[in-house]
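As written, the chains take the letters A, B, C and D, and residue 1 is the first residue of each chain.
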């Protein structure tokens, strides 16, 4: 249980979240909030999230879908007068919330990000066709067909332009040293989880 | 100028029949004209891109880039690592900085790399192809190879985010970088000033949150149109894809009638250097760049 | 003194020769100005022209020089003759540059120039070269009142410059507020950590300094005399009294913390765990780097809340309206006391604006980096419950009415109240009114004194007629209220330093004290030479008074902005020349005109205005006298002319030291000699006064408000005398004011008093 | 040749702004000999380019007038203008200063009659007005310039204009053969009072200074409000000369920002609060000022001023660091984008004119001072014993308001006097 304006949650963020130790350095100028391209879609802009962390609003922060609005454009990072790596803190918070299972259900960016990672982790390189289909079908088969139909012209155009290969569905690009690649990722994950005391 | 050799990291989208197949092809052509040899990093892997954060976490992401850099160091020693994809470059360079900054991260990454029999040393620079052009050649030098100047064509140089922030090219401004404009002008084209040069295209959220991010794409194209641009030029595969592919969607959503080609600088250079439409992979455009095709026919 | 010999020089350069008939001007100087020697020169300010004048002084025994050329503000190096009396007729800026270059204007332009020649000659004849006070003496010792960091700094710095110092401290030890601190906020790069206070080092330095004599447990029970020769009575707690002679005084009496007992809503007095910043320092000193314990029970402190602006920046009228400027930094420092001993202690600073200017930003960052939490919010109340407190506040960022439930310690940042002694202003205002015949204010004041409970205790116990302490400004601070001249108090040779004059931190206080020491030794030097201090620095003239004519009306003694004039037993004025700033307010106040300066007097101005050739009432050429403050209005007129902004040819302008020096006799004389109007141009007065003599323009407007009766007696319209506030930037407004006024005079018609 | 008489008991004051003038005057009025070196052709420094001071709203030229009068009558101060110190060698009580004097092309015969300016055709950017307007290439720097002497811009030397100027001067004041010269002289102590310069606003890219004509700096705004300025005191915006009634003030433009200046420049909050008064003075209730801020730092009794402005219904305050400015190409309005962090309110607000409250940086950064001195991370001179008898004063030592700068200068005068008095005791 985090108490209001006590440091419990801030400390948790500092320990568990990528670049979380920067949160305390925010001076609430709000330049990040105003710089974000998807700003209007943030229920809580970054600077407010930082204040909420300091105010101990753990649930509200981790259950928020705000961090998932980050497009990784780095506008906030280059403008922040305190040089906070805001993009990474947002990524870190999202990742942490996701690991805890607190992030909102069916958050589309979360789903996409998961698909993306799993996709690349499988072969070492992204299979764009499977990734696209994965997005279309994330909400079930029927919705998937609908989505795919809607984007059909785009897909065909890409195929025609030789920028999408239907054959990718059956294999496609990947690293050769799959065993080494998988072992490496597994190890990295292990080390990080151990450091952060994740089960 | 003497031949230049770089360790090349093409990235997932710049593979045969991947979404920026045309970027790869035109880059290869451009390099041929510039006497650049690109030695592909053997068995490179995905950089994780920015969007990898949710599932990937910090160390796995850094390790992805560390593997590429380790492979590059091992197989292409003494060269700079060069990426064409903005996200690949950014991930690589960011990882490089983190590895340099924290000995703990370095040790951890190497422990993981060890599983694949690799070690990261950190002795190569991680650069974007645009840096190579601007810094190793320079605009005057680049100008020399122009055979078919792109005269009379107005381009909107769309720099976007990740070649520009947080690192950017040395000496450039975040709000108004000019290297792309200078490149366009060097090729004989006209770079129109417009106010969405560094606006985010929505990045990966173009896929996950189309209704939110298409406003971005609309603003970019609209401003380019309004300022007289006939084509958009970009250094980033995701920018290219988002701005080109979603024009139809944007038109539907906003009632616009956009139909503007979105090109890579490498295509412009190839054409200006006298390359063919095929060399420049102009057939890879969803919206055809007819004016460039005409020049290529000359 | 040698016989007076007046020489007049008329320049023909800068277009004067083209626009004016300089031969005619020379004739005026000779015939009407009675100049013994008159010369024209085509370029008077060049080496040759100046040499000509110098030669005349050397070879022709010229004692008085009238220069008809440019403004007195121009070419000062060329015409800066120090061995003769000099007047300047302003023919360039005052005539040809402000008059149209047309044939029609030629006549009035020439008339203007001729009048200025007459005026220049008349003025210089009434001037004598100030000789200075041959009796000027000085004590090269500085008194410092207050032994805190400001006072100690002032003492050490004055000593380092080679001056002796007497340091008087009320308590039993030096160090003041700083001695109560565990640490101070940083004053050096990298501005990241609290530092030790300088008290121990300074204490040792003072003890080792033979130049500095320290009185502890002592007060200045009597301060008499004036700069260069103050006599100080120092009384100690033990009852002994010592006397010291000093040349200048620095008042560095510091501040007291605002009384947190006024803040029961913030829990002070209700819980031992609510302390002010001094309370926290005491706890930190006791802990000496170890864990600070909870006052109520000695329990562990896990959570500390700092409430900024407690009883400050208050708009309800109940508490301090101002910001003390140093409390944000102090709270950050105090939060570090906790963080440095145990980073797990939660420290929250609740502020509305975090005010840590300059390198304070680094200290703020350092606080954040140590994990101090900063919350923009407004605290509404602090409730005590058991050994903890609940701090209720509005989080302004999250727009949340919220609370910190379990604070072990709450620190109230209550701010600085100056230890400035007695506020003499109310009494002084009453005295001024009484001297002018209105006793109502004085009665009210006396009544309040009877009813009044506790009176503040005087710091300096000055024997000055105007009261025992230096005048205060808003909220009791003794600051000068000048921006460009922060040390100029209204008591010459007495300088304030440190938080007594403005809320400030230690870095500023030490800088301020060094500056005050500079001014003090300068006052010592000036007194020894009989020279005026700012703003008429170096002026050797001082008021001469014909006491035999004095009616003991007290106007000069109460009106002097600098408290320079005392009263003797017979209630005659006693002029303390080294306190005097030479503004002439006394001269302006004197109804019987017995006060004057060697180079500025009732006569120097009176003779000028009388020298003007006033045409008869049928001439359609009115004459308007302008008395313009030389500090702002006169430069504005000069610059208007540099811009070639044209104004009426009917005005004749006389610069005055200050409107406060304007004696109503000049107005009477002007009107009775047939002038059609009098404009007075002085500086803004009131709270944001711009008068360099602080009260001069205000007193002038006070006097002029009563001139209506005089005008009525003379049968003249009220509009014939008008007062204007003019700023130095009014280069377009001033010509407009003049032209509007000239139009108005023409509307009213010519004065009926011409030709009498 | 310029001749400077100085000894080890002379105090060298570098910088003729309010701090340098104060230090020089206070020392001289204490009987010390001073050489005052100023880079510009006239004394007065940056404050002479301000319209009004806070909090009294009085005019800086008023204090300048008094200081100039003190200076004119004080024979102990030697003033060198158009002069820059290029080296300071030696040590406490025994320094040697090398000073480079740029040619003014006008000698002491000048009467400031202005005939040369009439004769010359060429115009040059008016530096006194931050290049917002132009001035003749023969010019008096400003109306209160001291020395009151014209200057020929070097760009016309060798042109017909220079000859015209020379021909127009009846007093032999124009000397086209003047050359740069270098003088060396002794000094016992050095007061470095070179003041501050506004942070280069073009570096704050999101605000578009330099790209957008209607984004200006606070120092430029002072010139717009001043009767001696390019608009004669009218607040008109650069793009179209339209009356700028709806004005935004962006605080911390460069200050408190690790991408720009680490420190808080102290004065900018008060400066903007003051400037809202200019808007009110010009347009009354029709004016509108909006202050975008992080913290309003109206410390000590300046709080009164802030409270007064807070009550002005034409002024609003938004706690926000503005994210971005965009000038509308058609209307010329500048739209500010950002978020009010008090409760999270997004805005995109058009203004007629945007004023950047630019931060202060030292005119000469510590590293560039031609002597061995200790300075802080922003280049301000630190008070440090290893600086020996080299003392920072005013804004060369810290971002200060005028009042504090003068205090600092007065203190530095004493520190210098302590040194020369020691020298005097030794030399006897």
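In this text, a residue touches a chain if its C-beta (ideal position, glycine included) is under 8 Å from a C-beta of that chain, and two chains touch if they have at least 3 such contacts.
Just so we're clear, the structure is a prediction, and the values are computed from it rather than from any experiment.
S.K.: For the interfaces A-B and A-C, which has the higher count of C-beta pairs in contact?
M.R.: A-B
S.K.: If I average the Cα coordinates per chain and compare with the overall Cα mean, which chain comes out closest?
M.R.: D
S.K.: Would you mind pulling out the distance in Å between where the CA atoms of chain A average out and where those of chain B do?
M.R.: About 22 Å separates the centre of chain A from that of chain B.
S.K.: With chain centres taken as the means of their Cα atoms, state the distance from chain A to chain C in Å.
M.R.: Going by mean C-alpha positions, chain A sits 64 Å from chain C.
S.K.: Taking each chain's centre as the mean of its CA atoms, how far is chain C from chain D in angstrom?
M.R.: Going by mean C-alpha positions, chain C sits 24 Å from chain D.
S.K.: If you average the CA atoms of chain B and of chain D, how many Å lie between those two points?
M.R.: 46
S.K.: If a residue has to touch 2 or more other chains to count, which residues of chain C qualify?
M.R.: 354, 376, 397-398
S.K.: For chain D, give me the residues that contact two or more of the other chains.
M.R.: 206, 256, 319, 324, 341, 344
S.K.: Where in chain B do residues touch two or more of the other chains?
M.R.: Touching at least two other chains: 174.
S.K.: How would one label the connectivity among the chains shown: line, ring, star, complete, or other?
M.R.: other
S.K.: Every touching chain pair, please?
M.R.: A-B, A-C, A-D, B-D, C-D
S.K.: Tell me, which parts of chain D touch chain A in their complex?
M.R.: Interface residues on the chain D side: 206, 252, 256-260, 294, 319-324, 337-341, 344, 346.
S.K.: In the complex of these two chains, what residues of chain D are touching chain C?
M.R.: Residue positions touching the partner: 18, 25-26, 29-31, 51, 53, 55-67, 69-70, 72-74, 108-109, 111-113, 143-144, 148, 170-172, 226-228, 232, 256, 262-266, 295-304, 307, 319, 341-344, 376-378, 382-384, 398-400, 402-404, 406-411, 413-415, 417-418, 421-422, 425.
S.K.: Quick one: which bits of chain A touch chain B in the complex? Just the residue numbers, please.
M.R.: Contact set of chain A toward chain B: 18, 37-38, 41, 69, 71-75, 77-78, 87, 91-92, 94-95, 98-99, 108-114, 116-118, 120, 124-126, 128, 132, 135, 153-154, 157-158, 161-165, 168, 173, 175-177, 180-181, 183-189, 191-192, 195.
S.K.: Enumerate the contact residues on chain C facing chain D in the complex.
M.R.: Residues 13-15, 43, 45-46, 70, 73-77, 80, 157, 160-162, 188-190, 313, 315, 321-325, 353-362, 376, 396-399, 474-475, 477, 479, 481-487, 502-504, 508, 511-512, 514-515, 517-519, 521-522, 525-526, 534-535, 537-538, 631-632, 635, 639, 642-643, 683-684, 688, 690, 692, 727-729, 731-732 of chain C touch chain D in their complex.
S.K.: Quick one: which bits of chain D touch chain B in the complex? Just the residue numbers, please.
M.R.: The contact residues of chain D facing chain B are 205-206, 208, 211, 324, 326.
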